[in-house]
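Consider the two complexes below, in which subunit A is the common component and subunit B and subunit C are the respective partners.
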Partner chain A sequence: MSADDLTEVNKVDSTLMLDTFTGVEIELQVAGVYIRGVARLIDDVIRFLVVSAMSVLLIPTGLVGIGLASVLGFFIWWTYNVLFEVLNNGVTPGKYYMGLRAVNADGTPIGWINSVIRSTLLVVDFLPFGYLIGIVTMALSRTQQRIGDIVAGTIVVYNRSRNTRKSADIRRASPIPDGLNADDQLLFLSFQERLSDLSPERAIELAETLEPLLGKNGQEAVIEVNAIAQGIRIGT
Partner chain B sequence: MQIERLQVVLKPRTMWESADLGTKLAMRWFLPLSLSWVLLALPFLLISFQFDRFVIQLLFLWWFKPLYERAVLMTLSILIFDGRITLGGVLKGFADSRLWFYLTFFRLSWRRSENTPIDALEDLDFNTQSQRRNWLYAGDTRIALIVSLFGLMIEAIIVLAIISLFYFLTQSDFNSAYSGVLKILNINEISKEESIFLLIAVFLAMWVSAIFYVSVGFATYIDRRTIKEGWDLELGFKKIVNRLGVLALGVFLVLPNVDLIARESDAETDAILENVLDAPEFNQTKTITVPEHLSQYFQDMFKVEDDGPTRYRVGIGSTIFAWILKFLLIGALIVALVFFFYKFYATYGIGSSLRTGEKSEPSQTVRIRALPTNLVQTIREDWSNGRIRDALALLYSAAVVYIDKKFSCDILESDTEGECLRKTSTIDTESRDAFQEVTRIWLRLAYGNSKPSDEIFESALLRFEKHIVAP
Partner chain C sequence: MKQSAFESIHEGLWNDFEGQLVKFEALAMRRSVENEDREQFIDNFELISKHLAFAKTRGYSLELVDHLNQLVTRGHFVLHKSQANPLDNIFEFFVTGFAREVRRARYFVLVAAISFLLPAIVIGAMIQYSPHYITSVLSSGQIQQFERMYSSTEARIGRERSGASDIAMFGFYVYNNTQIGLRAFASGVLFCLPSILVLGFNGLFISAIINHLSVIGLGNTIFSFVIGHSAFELTAIVLSGAAGIMLGYALIHPGALPRREAVRRIGASAAKIALGAALMFILAAFIEAFWSSLRFVSPEIKYLVGACFWVLTFSYFLFAGRNADRETTSRT
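Here is the complex of A and B:
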C-alpha cells in the first residue's frame, strides 16, 4: 500500500464496499438520516391518508364499517412497509421518490423475515419521540443503520445511477496512453462529462495540471484531455 | 486552499449524499466540535439565568446561535484540513464582519448553514460573495431548508425527551409524570427552578443540533466546490503526474505511435501470451485443506480494514450479532404467539385440548369449599358492599355446584367455564339459559374486567334462584 493509499484510509466517506460471492466488489452508497427521514415522512403521510380515507368511507356505514375500518387500518399500517419492500424490491413509495432502496447488508434483495423485523422495530426506533432512537443509532452506525436495520441485517442505499452527461462536441479522439490505470481513465471521462460545470478558466487550469505529461497549455490542453477521454470512451 | 490535506474523499455528490457526509464529519469530530460550541455557548447560558422571564432567557440563548456555530465551523475547517486547533485559528472566524449580519438582519435566514462557510473561509467583498454563493449553489437551497427544519425538529424532540425522561423517572405514577411534563411546557406559569431545567434541556438540544447543522452545511460547501471547481479532478491529475513522472512524459508525447505499434502487433502479442500461459509455471495445481468456514469466520472477525478510504466492509462479527438478535426476536415472537393462542383457547375455547387441567387464577377463586347457608343473601350483600368479584365468584361457583347436583352433569373440579357450559348443554332450556347468563357475566368480569350493571346482576341472580336453586 502506498503512502497515498494510507492517507486515503482515514478519509471520511459513506461508501460501502461489498465483496460478492463471485469475487466482484460492488460499491453501494449508504443513505443517511436526512434523506431517509424525508422518505419516511412521505411513507407515513401516504399511510395516514389511505387509512384516514378508508375510515371516512367505512365508519359511517355502522358497526360493521367501524370493525372493517379498524381491521383494514391495522393491516395497512403494519404491512405497508413489508409488502412494498418485499414485492417491490426494497422500494416503498417514499423510497422511490427519494431514490432509495432497502437491501440486505450483503446487497441482496430483502426478504419477508428481514422486512417484517425492520418494520416491526420501527416502533423501537420511534421512541421516545420522532424516531429519536433511530436517528441516534443511525448517526452512531458506520453503515447508517437504525435498530431495525441492525437486527434485520439490512441497509438502505441510493438507488439512482449517477447521471452521465454527454460531453461537448468532440471532434477528435486520441489513443489511450500507456500507464493509465482504470481509475485514471475514469478521471479523464469525469473531466469530459463535467466540463459544463466548470468555468472555462478552471477547465484550463485542471487540464494544465497534466502539462508535464501532455506538453500542452491553455485551451489546447483542454482539447487534448477531452480527446483522450473520447479515445477511452470509444475504446481506441 | 490545500485540497490535498482535506480529510474527506472528494467526489461529485448529490446534495443528499453531502448531507450524509456532513453527518459523518459530525460524528468523526464530535468531541472537539462539541467542546468549541460549549465553551462559547456556556457563558450565554449562565447570563440567560439572570433574566426573570423564561421567554427572554430562551430568546437570548437562541439569538446568539450563529455565534456559537461559528466556533464549530472554524474548528471543523481546521480539522478537515488536518490542521492543529489553536485559539487564534478559531477566533479568526469571529473577525468576519458578516457574522454580525447573521446576528441582526439575517438572523432568521434558513440558508445560514450553507452561507457561513463561504463567509468564514473566503475573504470576499459583499457583492462578490453574493455572486459566488449563487454560482456555487445554483439557487438550489433545498438541503439548507431541510437541514434547518430537521435541526428544529431534533431540538424539539431532544427537549421533550429530556423533560419526559426526567419526570417519568422521578415521579411515582404516570399521571404525575404526565402532569409535570405539561406543566413545564406551559412556559407562562413556569417556576424559576423549572425554567432553569428547561433552559438546560434547550441548551443540550441546541448543542447536538448545532454540530450536525454546521457539519452538513460545511460538507455541502465542500461538495459543491468539488463539483464546480473539479477538486477531485485536480487531485487525481496531480497523482497521475506524480506517479508517471518523467517516464510518462516520453510515453505520453509519443502516444499515437506507441499505440499504433501496439495495435498492429495485437495478434502477435496474443500468441506470445498464450504461450506464456501454457507454460508449466502457470499450470501447476496444489490441493490444500482448510476448514473453510472457520478460517473465514476468524479472518473476517479480525480483519484489519486497510484497503480503501473509509470503505468499510460488513464484518461477520456484526452479522453474527445481528443474527443472534434476529433469532432472539423471532423466538420471542413465536413464544408470544403461542402464549397468546394458549390464553385465547384457555379462556374461550370450549373443550380445548390445550387445557391441561390447571385452573387460571380467576377460575381458582371459584372453587370454594362450602356454600353459605344463606347463599342468595350473601351474594347480594357482597354485591351491595362493592365486593363485585366475590359476589360473582360465589354466584358462579354456586351455580356450578347446584347444576351438577341437580342434573348430574359430571362436572369436575378442573373443568373450565367452557367445559361446564358444554356439559350443561343437554339440561332443560331455562336452567341452561340461567347458567349461561351467570357464566357470561362472570367471564366478563374475570377476564375482561367488565362489571355488569345492577339490573343485569339482579336478573341473573333471580334466574339463578328460580331455575337453578329451586328444586
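Here is the complex of A and C:
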C-alpha cells in the first residue's frame, strides 16, 4: 500500500475533524447506516411497546381512557426522541445500546429546536417505507446525515467513554523505528489487525517489503512488524 | 519527552478530569455546576487540549492520542451545554417569538394561505352554484356520515353517536390534527409539493363539507360549530404548511449557499413555526371537544366567542413583539 492508496482510504473514512476553542483539533467517529439503523429499530420498538402497553391498560377503562390514551400516546410518540436527546446528552435508549450519541455538527450538545427538527423529519426519512430516504441520504453524505440531520445540522457519532489504554500486551512490543509518521504507523496497525485474515504466505510477502528498514525475512519479519505495531499501539 | 514520563506526570490530571466529566455529563443543565468547579474544569480542559496537541506532534502512541482525544471531545461537549433555563425561552417564545417568526416568514405564510384557500373557494363556489359537485369530492357514504353528525339531536354537535365523550374526542382531535400538521411541515422538505398538497386537500374537503351542509340547510349548525376552533385550527394548518414550504424552498432556491447550508439556516425558523402551530392544534382540539360541540350554548354566543378568537389570533400574529422587530431592524 502506497501513500496514495492511504489518501484514498481517508476519503471514505468516517473520521470527522473539528476545531475546539482551545485551538486543538478533535476527531469524531461518525456512525454509519447499519449501526444507526439498529439503534433506530430499538427506539421504535420501545416507543411502540410503551404506547401499546398504555393503550391496552387505558382503553378498557372506558371513553375517558380512550381520550387519555390518544393524548398520552401522541405525546410519547412525538417527544420520545426529543426528551432523551436534550435531557440525556444526545443519547436515546437505542443509541445507548449501540454506543452512539447525537450531537451538533460542531460536536456540541443538541438543543430543543434541533432535536425537534431531526425527530420530526424522521417521518420524511422513513418514506416510502423502512427509512429508505434516510438510508439513501446517509449513503450519499460524507458525514452520514439523513435528511433530519441535514436540516437540523446534527450528526451521530460513536460515544466512547471507556479508557481502553494499556490493555495491550507490553511484553511483545518493539520500539518504534525512527522516522515513522502517523500514516506509516497506521499501516503497521492495519497490518496487525488484518493478520488473522491473511494467509501466512501473504503475511510474509507483505512484511518482507520492509526488509530495507528492518533487515528481516520470512516469519521473523512478520513477528517484527507485529511487535512494532504493538509498540505503536501502547507507546514504548 | 518520552511518552512514559509524559504519562506519569499528567496521569493524575487526566483521571481527575475524567471524574469531573462523569459528574458534569450527569447534570441536565450547566447552571447547576458550582462556579469554582467550572473554572477548575475549564483550566483542566485547556491543559488537556495542550496535552493532546503535544501527543499528536510528538508522535506518541495512537492509544494515548485516542484517549486524550476522547477527554477533549467530551469536555468540548460538556462545556457547550446550555446554561439557559428552557422555561424562560418557552415563555418568551409564546409571548412574542412565535408571532415574530411568523411575520418574518410572511411570504411563505401567504403562499400557504393561497394553497389552502384557492381550492376551498373554487369548490365552495361550485357547490353553491350546483350542489351535486359535492360528489366529485366526497363519496355518498361520507356525505351521509357528515349529514348525520350535524343533523342529529344529540347533546353534542359534530358526533355521529352519543357514545363519544368529550375527552375521547379531545384525544382524537389532538392525535389526528396535530399529526397532520407535523407531517405537513416535515414532508415539505421534499421540494414543497407535499405541504402544498396537504394544504390544498384540507382546503378542498373542509370547504366542500361546510358548503354542502349549508346548502342543505344545516348552515347555522355547522358554522356555529366550526367558528370557535377554526381560528386556531385553520391558522395552524396554514402555518404548518408554510413551515414545510420554507424547507422545500431552501432546497429549490438556496441562493448563494450550498443546499444543505441553506436548508439548515431556514430549518430553525421553520421548526419554531411548526411547533407553535402544533400547540395551536392542541388548543383548537380543546375548544372543539369542550366548547364547539355544546348544543345548549346558543349560536349567537358561539359566533361572538369565535369572532373574538379570530381577532385575538390575527392581533397576536400582527402585533405581538412589534417593538422587538423594530429593534432588530434598526440594529442591522
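What we mean here is this: the second predicted complex is superposed on the first by the 148 of 236 C-alpha atoms of A that agree within 3 Å, B and C clash if a C-alpha of one lies under 4 Å from a C-alpha of the other, contacts with A are read in each partner's own complex, and residues count from 1 in each chain.
Assume a residue touches a chain if its C-beta (ideal position, glycine included) is under 8 Å from a C-beta of that chain, and two chains touch if they have at least 3 such contacts.
Just so it is clear, the structure is predicted and the values come from calculations on it, not from any experiment.
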**OP:** With the two complexes superposed on chain A, say which partner A:P128 touches: subunit B (first), subunit C (second), both, or neither.
**Re:** first
Original post:
Should A:A152 be classified as contacting the first partner (subunit B), the second (subunit C), both, or neither?
Top reply: both
Original post:
Between subunit B (first) and subunit C (second), which does A:L41 come into contact with in this model arrangement: first, second, both, or neither?
Top reply: neither
Subject >> First, second, both or neither for A:L140, with subunit B first and subunit C second >> reply: first
**OP:** Give one of first, second, both or neither to describe whether A:L198 is in contact with subunit B, with subunit C, with both, or with none.
**Re:** first
Original post:
After lining up the shared chain so the two structures overlap, which partner does A:A53 touch, if you call subunit B first and subunit C second: first, second, both or neither?
Top reply: neither
Original post:
Once the shared chain is lined up, is A:L189 touching subunit B (first), subunit C (second), both, or neither of them?
Top reply: second
**OP:** Find the residues of subunit A that appear in the contact set with subunit B and again in the contact set with subunit C.
**Re:** 18, 27, 113-114, 117, 150-153, 160, 176, 180, 236
**OP:** Spell out the part of subunit A that touches subunit C in their complex, as residue ranges.
**Re:** 18, 20, 22-24, 26-28, 63-64, 66-71, 73-74, 78, 87, 89, 103, 107-109, 111-114, 116-117, 120-124, 127, 145, 147, 150-153, 160-161, 163-166, 168, 176, 180-182, 185-186, 189, 231-236
Original post:
For subunit A, which residues count as touching subunit B in their complex?
Top reply: 1, 4, 6, 8-19, 27, 29-35, 37-38, 98, 105-106, 113-114, 117, 128-130, 132, 135, 139-140, 142-144, 150-153, 158, 160, 162, 174-180, 183-184, 187, 190-191, 194, 197-199, 202-203, 205-206, 209-210, 212-215, 236
Original post:
What residues on subunit B touch subunit A, complex-wise?
Top reply: 6-9, 12, 14, 16-17, 19-21, 23-28, 143, 146-147, 150, 153-154, 156-158, 160-161, 164-165, 212, 216, 227-230, 232-234, 236-241, 244-249, 251-253, 255-256, 258-260, 262, 306-314, 318-319, 322-323, 325-326, 329-330
**OP:** Under the touch definition given earlier, write down the residues of subunit C that touch subunit A in their complex.
**Re:** 3-4, 7, 18, 21, 25, 28, 45-46, 49-50, 52-53, 56, 59-64, 66-67, 69-70, 72-74, 76-77, 80-82, 86, 89, 163-172, 174-175, 178-179, 182-183, 185-187, 189-190, 247, 260, 263-264, 267-268, 271-272, 274-275
